[in-house]
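Each of the next two complexes has subunit A plus one other chain: subunit B in the first, subunit C in the second.
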Partner chain A sequence: MFYDLNLPYRAQHDLVNQDDLRTRVDMLIKFGYQVVAYNHVVTGKVSSNETNVIDISDKKKTNIEQLTRLTYILEDISQNHGLTPTNNALATYDILAVRPTNEKTFQNACNTLEIDIISLEMGSRLPFYLKHSIVGLAIERGIFFEISYAPAIRDSTSRRYLISNAQNLVRVSRGKNIIITSEAQRAMELRGPYDIVNLGTIMGMNQAIAKECITTNCRSVVIHAATRRNTHKAVVSFDPITSLKSNELWKVGKDKKSLPTGKSKKAKRMRPNTDDDDEDESESSQLQNMDM
Partner chain B sequence: MVRLKHRWILFETLFENTSHQDTSIDPLTSHDIYITVKESIQLNFGDYGRGCTSSSLNVKYYSPHTNIGLLRVSRDYYRMVWCALTFITQINSRSCTIRVLHVGGTIKQCQKLVIEYDREQLLENEDLNDI
Partner chain C sequence: MTSTNTSQSTLNQMEGKTSSPAPKYARYTITTSEWHYLKIKINFDPPTDPLPTITSLALRSLISRSLSEAFGVIGSGIHVDILYWSGDDHQSEEYIGVIRVPREDLTTLWSSLTLFTATLDVGNQMSKEINFEVLGNSAFLMGLCTDSRVWTKKLLNP
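The block that comes next holds the complex of A and B.
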């Protein structure tokens, strides 16, 4: 399963020549990616009435899974009060990311903000130093750092800075919690997944870790985002059975024929780790008791 | 053993406007690919890169019809050449992308993969035509 969690949805400035979204997604499908996230970038104050601008309703028929992502460019700590779990508008986006521009916002993002990805501007010199302590704190909280490779393909100076910043990040985070994404404005800037794994090796990771950066780590981001949105203290979430996809029906069990359709609800745990079988049975029986 | 070992990189070139192959444009040759790869190594890895790879770099085969090519590199520097391939953005001023399909120790493995790949492509095209 290959993920590309950063495909810019709308061009940032008028000068940027951006390809049609459809062309880029077709290219991704051709390269063998299975999941893509459309990224909407916003600057300024985090407000509580953001609506999801990304429209994926007409693109449902493609054989790639589509997610939505919001990236906030943080300039000042006072703008961040909207980034809390209680902000319902932000829950319309699948993934939440943040791009800090100075040391204070970076520290704030690593320590307190409820987000999934910290995205750093890799194409130019980073305005702050990456320290083991702060980055370690973010890793403990389950936040991932993003390296985007398209700036390296566009421009020669960006390439130098990207390699330098990426090597720095890999050294400070010890190879953990890194994801590699494209941020491609045009279809020609996309690359196949194994080519990206190879780029990861020149950034200081070994091949296995580099492959994780576009597979398992990205999956962890998606699950972390779902946990953040749907669950209370990351324990239990309720979904109606009808929302399960056909390849997830095993979760309901063999007696799915006996369950009344539509009305009953099944508790579905959103935990990134494997479930304990014992705990599962006792919990589901408790919940059945509660229903009755 | 002081045998010089190689890696064979099988790659595919994807052009921006693939639908109509303009007959006035010359088809690409393996020499064009070789020049582009050398330039990319010079640009990204400098004289050191050129030095490391010059003796063993060789574009063995390239077909402009299927856009598939085969490249030979010494085993110690194949990652460097692979990165140089990834950074290529145009060949002969035509915008293109290079995607590496397979890296193998012998030509035979790569040849098997080319046959598989061509078969898949033909089946895909057949399906599209049927639909």
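The block that comes next holds the complex of A and C.
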């Protein structure tokens, strides 16, 4: 399964110098990618009323799995208070990424923020040094670092910086927790998966690790994101009763005829912490193991 | 039984079998191949007519340019052979070719083809952007015949 977790998305009115999303997705399908994530980039303060601007509804007919991703460009740590698990509005996007622009925000992102991907601006000189200690903290928390290859194809000065920054990142992270994505604004900037594996070899990884960067590591990102969104401290997840199939209704002691209509109900089995602030009272809750 | 020293042929005789010759083995060794073969294709944007004509001479200069842009002087010294190029055959509509490179220079050549992009003039003051697409690679020329993914897809959806 090949993933491309960064396909820039712009709203319909802002298509200057960017190919239609459909053209790029068709090219990805042709190359053999199975999952794509549309990326919406935002600067400024992390707000608590983000709505998902990415419109997937008219692309149902493609045979590629489509996810949505939000990237915040972090300029100042005071703006980041919204990036915590309690911000439910961010859950409308499948994957959450940040792009730190200075050392303080980078440190903040690696230490405390609840995110999936740290994306660095690789096409120019990085404004901060990458250190083993800080990068190691992010790796321990399960956060992935992203290398985007399309800037190298667009522009020859970016190419130099990209190769050098990528080699640096691979050295500091020892090849772990890296994903390679496209960030392609045009269909001609996309490349096939094995071409990307080869580019990864140039950046200092061996073939096996480079291939993981577009397959297993990307899958880990998607699962990490789902864990962050759907579970409480990675242990408990809630599903509304209406999502149960009819042959599973025995789990709540009901049959088809008497489905409750959104009343809250205490589960009959034991559950931890009943004093959660963010538990939604209008949904019935049911203990369920994380089923991934 | 007094004799304790029986050989296989004696045993065979006792059991009434004729003696069989010792089996012969042949050993084939495949080591790291000297050459590596790449099947490449040139894509155009926009893909409509008129397409520029690219002969194998033009292909050589494109490959050389891609190597020197990505890897400089040392890169442009890499030995590349063009074994087949469809642009030399005027009826072909697609530009597909087979090139050969020494095994140790494979990653260098491949990554420079991946990173390469250029604009070609088509006349009428129009220009098209091109890039290289690597359709397959193998240490053996025969390995370029088909790609197992494409082949399986065609098999399943005839």
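Methods note: the second predicted complex is superposed on the first by the 231 of 292 C-alpha atoms of A that agree within 3 Å, B and C clash if a C-alpha of one lies under 4 Å from a C-alpha of the other, contacts with A are read in each partner's own complex, and residues count from 1 in each chain.
Here is the rule we go by: contacts are C-beta pairs under 8 Å (C-beta built on N, C-alpha and C of every residue); 3 or more make two chains touch, one makes a residue touch a chain.
This one's a predicted model, so the numbers in the text were calculated from it and none came from an experiment.
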When subunit B and subunit C are modelled together on subunit A, clash or fit: clash
Please indicate which partner A:Arg159 is in contact with in the superposed arrangement: first for subunit B, second for subunit C, both, or neither. both
A:Met188 in the overlay: touching subunit B, subunit C, both, or neither? Say first, second, both or neither. both
Considering each complex separately, which residues of subunit A are in contact with subunit B in the first and with subunit C in the second? 152-153, 156, 159, 187-188, 191-192, 194-195, 198-199, 201-202
Residue numbers of subunit A touching subunit C in their complex, please. 32, 152-154, 156, 159, 186-189, 191-192, 194-196, 198-199, 201-202
Spell out the part of subunit B that touches subunit A in their complex, as residue ranges. 14, 16, 43-44, 79, 82-83, 85-87, 89, 95-97, 99-100
Using the touch definition from the top, list the residues of subunit C that touch subunit A in their complex. 43, 45, 69-70, 107, 110-111, 114-115, 117, 129, 131, 133-134, 137, 149
What does subunit A use to touch subunit B in their complex? 30-31, 152-153, 156, 159, 187-188, 190-192, 194-195, 198-199, 201-202
